[in-house]
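Two complexes are shown next, each including subunit A; its partner changes from subunit B in the first to subunit C in the second.
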Partner chain A sequence: MIARASVGVRAIASARALVDVYLTEIRIAIVEQFQYRVGNYLYMIGMVAEPVIYLVVWTTIANQQGGQVDGITAGDFAAYYIVWTLVRNMNIIFTPYGWEERIRQGELSGMLLRPIHPITWDLGYFAGWKFVVIVLWLPIAFVLGLLFHPVIDPTPLDIAVFGLAIWGAYLIRSVFYWTVGMITFWTTRVGPIFELFITAELLLSGRLVPLTLMPDWAQRLADVLPFKYSFYFPIEALVGNLSDQDLYAGLAMQLFWIVLGSVVVRIVWRFAVRKYGAVGN
Partner chain B sequence: MPTRGGPLRTLRLFWVFFRVGAMNELQYRANFIVQIFQSAIALGTGLAVLALVFSQTGELNGWTHAELLAVMGVHFLMGGIIGMAIQPNMERLMDDVRRGTLDFTLTKPDDSQVLVSVREFRIWRAVDVVIGAGVLAYAVSQLQTGITVADPFVFALALLLGALMIYCFWLILTTGAFWVVRMDQIAELFEGVYQSGRWPVTIYPGWLAISLTYLVPVAFAVTVPAEALTGRLTVETLALAAGFAIALLAFTRWFWRFGLKHYSGASA
Partner chain C sequence: MTAAESTIHVDALSKTFRVPVREAGLRAAAKSLVHREHKDVRAVEAVSFEIQAGEVVGFLGPNGAGKTTTLKMLAGLLYPTSGVVRVLGHVPSRRESVFLRQITMVMGNRNQLQWDLPALDSYELIRAIYRLPAEQFRETRDAFIELLDLGDQIRKPVRNLSLGERMKAEFVGALLHRPGVLYLDEPTIGLDVTMQKRIRSFVAEYNQQYGATVLLTSHYMADVEALCKRVIVIHHGRILFDGGLADLAARFDSTKTIGVTLRDGVADLSPYGDVIGTEDGKSTLRVPRADAPRITSRLLADLDVADLTIEDPPIEDVIELVFADASRAVDEARTAESAASPR
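For the complex of A and B:
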């Protein structure tokens, strides 16, 4: 009886400690990143170029064809790509290219010494950064709204689901890119692998165009991959006409991919870390 | 020994640095394969996007499929030139300013602007130039209008002017490092904006098209050369390109010298 109670107490204590670690990381990231406002802004403006290009191309096509492409109007495209900019920023996670430096410089050694899984640091830090990004994003969205006239009419449920889905998107992308990044433990020529992955994501996530504009086979392929749950679903939740059922189903699928991705991270990490020979320190 | 300055000496300097850079990179031949792979992915993505657009429409703002393919070819080709000769030099310059190692270049008995502009050369990026030229040649063969004998020469001239303008743009920004010191985001900012050149700038709203012409000369670098091959280029536009290039070169020259005065050296 006493033994069982103490196990329970210990579990609660360690969960509380983990929450504490996350909150601290988030706080550090917010304080740190607010110092680099100008750098963050330049970075975000460079990022806005991509959706603006897509938006102009598809608006041109829509206008040429009497106002719409496959039922999507110019105003819909504007709404899609402006919300895209926030979702894209929510999607920024520890880059897979960063692993090379972590391994080469021996940074990982320090992480391994701490008694919690190293993904904790990335998850916490980048989550904190998001709060800075959201604040900085608001003026950008305002200006884009004035320039491109989005048509958007979300229900309260749409907004609530969107609010959850952008964090779901963040977690999905975090776990999958962490997994891909860990390939660096086995080979140093990871650039081509990453680019293949990033390109697949670009085409099948809704980052390039709303997925309904893709050929049927591509849409079916996208249905069984995690990519669309980190771009298309959150955006559509806010700007599209998804039924309540579709909204809940989307959140459930996000949860499914997060759980699956976390399991994969755990397994791959166990093998990857054996490949690690501490260099540098 | 020839005296300082003179285009011949500049060319010779360029040749020496080119040889050193090439020999350096030839040591890493696997990078060649990696580059081919990456360029192939970029090409595939570009073609997929074009296919998507033309699955919905027959033309984009008056540009046919073949003509937009030509624009993509020029965009690839110019991207290769930038990645091969312009951007590596500017990134090294930024780094030198930040670390104070620019001292070593400034003490050399030659024109500093020439020196900082020819030191780095990434030969593997030539893959993009070759692919771009290939795409362009195929696109031109598909054009219904055909091209005249003079067109390739006008195209080459427009391309040269465009490359010069991009070089000036980069050097002006990089010279800003004398004041700002840290400019890490510039490269990403430029790459983001350069993607707009994948499409003719005429499709963009007025304010954006003007910015992409005079603020960041993407229009002169990609759209204008592509216009030369698709029967759209007027004498006025070409003259404007030449005039703007000369003005920009002169300004860049002045601005570089002005910026140098603000360089204090980090090592001293």
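For the complex of A and C:
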């Protein structure tokens, strides 16, 4: 009984310590990113260019087809792509390209010396960055709203699920991109593999077009892959007409992919770290 | 000396890297598309040593000797190809949290603090990662900052610090959790003499205060002479010498240096030994170690000597001699190997 209680106390202490690490990382990221607010703004504006192009194209098509495409109106497209800009920024994570640099510069050696998994740093730091992003995103969303007139009428449940789903999306993307990045331990140039992965994500996540506009086979394929839960689902949770059941099911699927991705990271990491050369770093 | 008693126990430790090789040019590049060739580079070969708690040991060797690779295996950054390593009773490659909390590694040419933020922010992160009690953290941090005379520099972004200031800030960060084992890889590289001294005295003080075990690599012999009673010399991945710093000269350099200042100016001292320099009226002779007492007596008897000193040759010269000997031995072994191989 006493042993069980002490295990419980240790577990609580560990959890509190981990929360402390994350909060400190988040604070560091916020301080650091606010220093670079101009750079961040320019980065966001560059990032917003992508959905604005999609939005202009689809709005034009909708207008040419009597105001809608497959039941999606110009206002729906505007809502979809404006929310897209927030989800995309929430989805900024440590990319596989960074691994090459991290290994070459010896930065990973420093991380490996610490008694904490290196993914903790990436998760905490990029999560902190989000708070800066949200603040900077608000005026951009306001301007886009004035220009494109989005139609959006979420319920309180939609908003609550969206609030959870954007963090779920962030975690899904983090764990899967971490896994892809770890290929760098086996091959020096991970770029081409990353390009393949990002192309698959572009097509099957709802990033390029809403998934309902994709062929049936692509939608079925998207259902069994994690990508749509990092873009399409959070956007649809806020702007779509998902039933309560669909909303809960979506969150459950996000949880499934986060757990699966975390297990994959854990397994691959064990082998990857054995391959770490660290020559001269 | 058993493994249980030693803080660091290394037995027949080896590390081999498999690296791709190809000739220069387009043809070789095309060939490598279908057939990649590799070769095994033995960075560390069957290295064994023991280090006791509280020892400060210099790990010496030329570039590429295997020093850093060995340190990285001891820190758990690299998996050994073969052999046994135990540090504080742990196998480093398992990278257990309880082990990592007790060690640190400072790499002179690497920055582990947040580049764009003041060091104070990085220290907070270190506090959280190592779960340091707030009071202990503040006490250690402030003591180290004072000891290293960092002052307000810790409030400037790390990128705005000079190399020396940055290194001092790195040291504070690396030791905040009061590790029992320190791996210092060229910690004073690129620093000016004053800053080198400051870092040395800090390491010495830390070692004294916390009884920490220190393994130091440095190309600056002043670091080694100031901190280490014992040195391990490694070359081509093998240990050439493991013993007292003073014994290194006796083993590898069979000479002594005699400094002579005469009352009536400079005289020709070549009959007594090799004159290797004359400066400000003082001549320096190199003589066989065994003959040093006899030659000293002769000098005192024959000449009007104002001052005389007998010293071991500078440690830099001894080390150079060790490496030159080792390189010669390797060359001879290779020549013998190629002569023996079928043609």
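The working rule: the second predicted complex is superposed on the first by the 273 of 281 C-alpha atoms of A that agree within 3 Å, B and C clash if a C-alpha of one lies under 4 Å from a C-alpha of the other, contacts with A are read in each partner's own complex, and residues count from 1 in each chain.
Keep this in mind: contacts are C-beta pairs under 8 Å (C-beta built on N, C-alpha and C of every residue); 3 or more make two chains touch, one makes a residue touch a chain.
Keep in mind the model is a prediction, meaning the values are calculated, not measured.
By the touch criterion defined above, A:110 reaches subunit C but does not reach subunit B.
Once chain A of one complex is fitted onto chain A of the other, the partner contacts of A:216 are absent, as it touches neither subunit B nor subunit C. Once the two complexes are overlaid on the shared chain, A:276 sits against subunit C while remaining clear of subunit B. When the two complexes are overlaid on their common chain A, residue A:25 makes contact with subunit C while staying clear of subunit B. Contact with subunit C, but none with subunit B, is seen for A:17 once the two complexes are overlaid on the shared chain.
Legend: residue contacts after superposition of the two complexes on their common chain; A:203 is shown touching subunit B, with no touch to subunit C. Looking at the shared chain after the overlay, A:153 reaches neither subunit B nor subunit C. Shared contact residues of subunit A with subunit B and subunit C: none.
Put simply, subunit B touches subunit A in their complex at residues 30, 34, 37-38, 41, 44-45, 48-49, 52-53, 55-57, 59-61, 182, 184-186, 188-193, 195-196, 198-199, 203-205, 208.
Residues 17, 43, 68-69, 72, 75-79, 95, 97-98, 100-101, 103-105, 107, 110, 112, 114, 116-117, 121-122, 124-125, 127-131 of subunit C are the ones that touch subunit A when the two sit in their complex. Subunit A contributes residues 17, 20-21, 23-25, 27-28, 31-32, 35-36, 106, 109-110, 112-116, 273-274, 276-281 to its touches with subunit C in the complex.
Within the complex, the subunit A residues that touch subunit B are 39, 42-43, 45-50, 52-53, 56-57, 60-61, 64-65, 69-70, 147, 189, 191-192, 195-196, 199, 202-203, 208-209, 213-215.
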